Amino acid sequence: MILAQAPHGFLSPTGVEIAFLLVGLVTFGAALVSVTTKQLVHAALWLVVTLGGLAVEYLLLTAEFIAWVQVLIYVGSVVVLLLFGLMLTRAPIGRSPDADSANRWAALTVAVAAATALVWVVVDAFRATWIDLDGPAAGSTEATGASLFQNWVLPFEALSVLLLAALVGAIVLSRKAKAERSSPSLNSRDTDESSPSVPDARKNPAEQEGAR
Amino acid sequence: MNDALDVALRLLIVFVVFLTFPLIVGQAEHKVMAHMQGRLGPMYAGGFHGWAQLVADGVKFAQKEDIVPAGADRRIFQLAPAVALLPYLLVLLAIPIGPGEGAVGEVVDAGVFFVLAVMGVGVLGSLMAGWASANKFSLLGGLRTAAQLLAYELPMLLTAASVAMAAGTVSLPGIVDAFEWWWLPWQIVGAIVFFTAGLAELQRPPFDMPVADSEIIFGAYTEYTGLRFALFLLAEYAGIVVLCGLTTVLFLGGWHGPWGADGLGWVWTLLKSAVLAFVVIWLRVTYPRLREDQLQKLSWTLLVPLSLAQIALTGVVKVVIS
Amino acid sequence: MSRPSPDHHSSTTPAGRPRMSIPGSGLAKGLAVTLRTMTRKTVTEQYPDVQPDLAPRTRGVIGLFEENCTVCMLCARECPDWCIYIDSHKETIPAATPGGRERSRNVLDRFAIDFALCMYCGICIEVCPFDALFWSPEFEYAETDIHELTHERDKLREWMWTVPAPPALDPGAEEPKEIAAARKTAEKLAAAQAEQAAQAAEAEQATLDASATEATPAGPDDPQGGEA
């Protein structure tokens, strides 16, 4: 990151800093609502606001590429997947009190602990480092790519291997479940026997047509 | 002050384009579809060959009562059309139609990612509409929308990434600047996959399973009337404009053409986009709707492998020529 | 058996076309069909602006040629939905000759067809023995009040003037029976007359031949004298 020469104070904030703070507040509020609301789908939609707010924060820090990837992956795909899952299982309109978890306090403890750890690590790592927002963009696609594939190649590759493992695991799980379900039943054997004849019956007229 | 004026002018132009181009595409669809079916299409509104049909439709929609179903989630139901429509307005800002700073609403550094990311958000509108309508057909439509988006976002991204690899930049004007004519055969598979996946993401026939009117009435938009319904329709046509513009910029070389590249480049962009829009309509008229399983199969077993192959090809050629 | 299995055969992908053809040729064929249709003339009738080109036997409306009607009531009785209303009374015609018998005839008072009920089957026209009912191709007689669809005698007569001349017969068709009968009669008559004329001429010739010895021959100047 780029170090600013002049010492910075908190007393005379710039416009970007004010915007950053306000968006941060909105994001924080949306995050709070998304975990406290009693309506399942509303929680997912507040999550959209939260993730979008984060993208705006990235933008304000000139990390344009990260911001769009955030929108693309989280708002565009993860939330859609979440909503898909909700709609597929249960997504009543209105409150769903039975969806409330009993281990509220345990969850709160874990969340606070995780947040403390993250904040502590970040604060410890950057302390008094300031990003110069007026200079060349520190988070442009080029800069991000260069730092990612020069300084952080190993973690990047490790992450991709992790994701690959998860993908393979998901495929194995789904195939195993399918095989177990279909093998003992009689019906499936029936369809297995009959199915080869179906494409034959369909292909014959097609062949004749082709011959014509 | 001059800067502010400049920005305001650009925004105004993009807004006007956003309001008129989808209508032009819609009118073209009316007429082209009619003639492809041996009909004439609208002939009365506006006097000359029904040119004002969509204006008349808009007036009609505006007059209708705005109904929110009793069981619906009111706020989300009312918010959904805006969520579906606004992303396309934002995307239009970033599509360059000519060389130089003057011919693009706003230069975005990571243009490809911006465009695809924001287009993906538009689908959230359909999801919200589908869920908030308190209607089982709407919910089914929303589900199908989500499944379709998840299936087709991947090939779209991969092929866009292939072009970005070829150009060595993710900025849209940068990609067109780097374009050479031989990219056309090089990236043709990617272009077809991108265009097809884009059609599916817009839920245009033959990929209109989420609104399949013979099965689930009108999918997520079943409960909508009046202006909100019109906004959803506008979103669909704005989506066509955006998709055609994007395909032109990414794969067809934007303002490059055999002649008249300087000064008249924007004509080339518009011409290519118009031809693509015609193809969109043509495909709609020609092909029947895909079944849901065929839809998923097409994406996962054909488009994704093809786009991966395209990326591999792009990488190999890129390494060989550099 | 009857359940289609999508795993084996897919008609959607270009690769899933019949094996013998190039992949995607079916898709291209479909595109060609729509494109070809677009370049052709449309079949749309722009009716209010352009009058439709109707077939000669179009069943538009029924016209009544009152003079031919004998109030036989066949049409009203055959009508499947009873949409023909006929009122009449008897009139007595005094004897034409003194001491002769006086005759009675039916006089039509009312003839109405309710086109709100009519199903345009045409049975009344078929069944009329005196050719009093005709199809007319006129079809623009919609009304805002259903009662006005009951067309009375005068209106039915108005329709009569819109009945087109019957279409010409097919040149290869059999001759109509009426014309054939009339022609046969005419031919018979002509033949009889010709025979008569021939006989007359022969007789004249004989007398001429007989008198030729006595007087100057004048026969060749008057060969057609028998036909007058």
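Letters A, B and C mark the chains in the order given here, with residues in each chain numbered from 1 onward.
Everything that follows uses one rule, which is that a contact is a pair of C-beta atoms (placed from the backbone, for glycine too) under 8 Å apart; a residue touches a chain by one contact, two chains touch by 3 or more.
Going by UniProt, the chains are B = NADH-quinone oxidoreductase subunit H.
Small disclaimer: the values here were computed from a predicted structure and weren't measured.
Taking the mean of all protein C-alpha atoms as the reference point, the chain centroid lying nearest to it belongs to B.
When C-beta pairs in contact are tallied for every pair of chains, the largest tally goes to A-B. For the pair chain B and chain C, the distance between C-alpha centroids works out to 59 Å. Put simply, the C-alpha centre of chain A and that of chain C have 79 angstrom between them. For the pair chain A and chain B, the distance between C-alpha centroids works out to 24 Å. Considering their complex, residues 6, 10-13, 15, 27, 30-31, 33-35, 37-38, 40, 42-44, 46 of chain C touch chain B.
Across the complex, chain B meets chain A through its residues 71-73, 76, 108-110, 113-114, 116-118, 120-121, 123-124, 127-128, 130-132, 134, 139, 142-143, 146-147, 149-150, 153, 157, 169-171. Only residues 41-42, 45, 48, 64-65, 68-69, 71-72, 75-77, 79-81, 83-84, 87-88, 91, 93-94, 137, 140-141 of chain A touch chain B when the two sit together in their complex. Of all the residues in chain B, the ones that touch chain C in their complex are 32, 34-40, 43, 282-283, 285-287, 290-291, 293-294, 297-298, 301-302.
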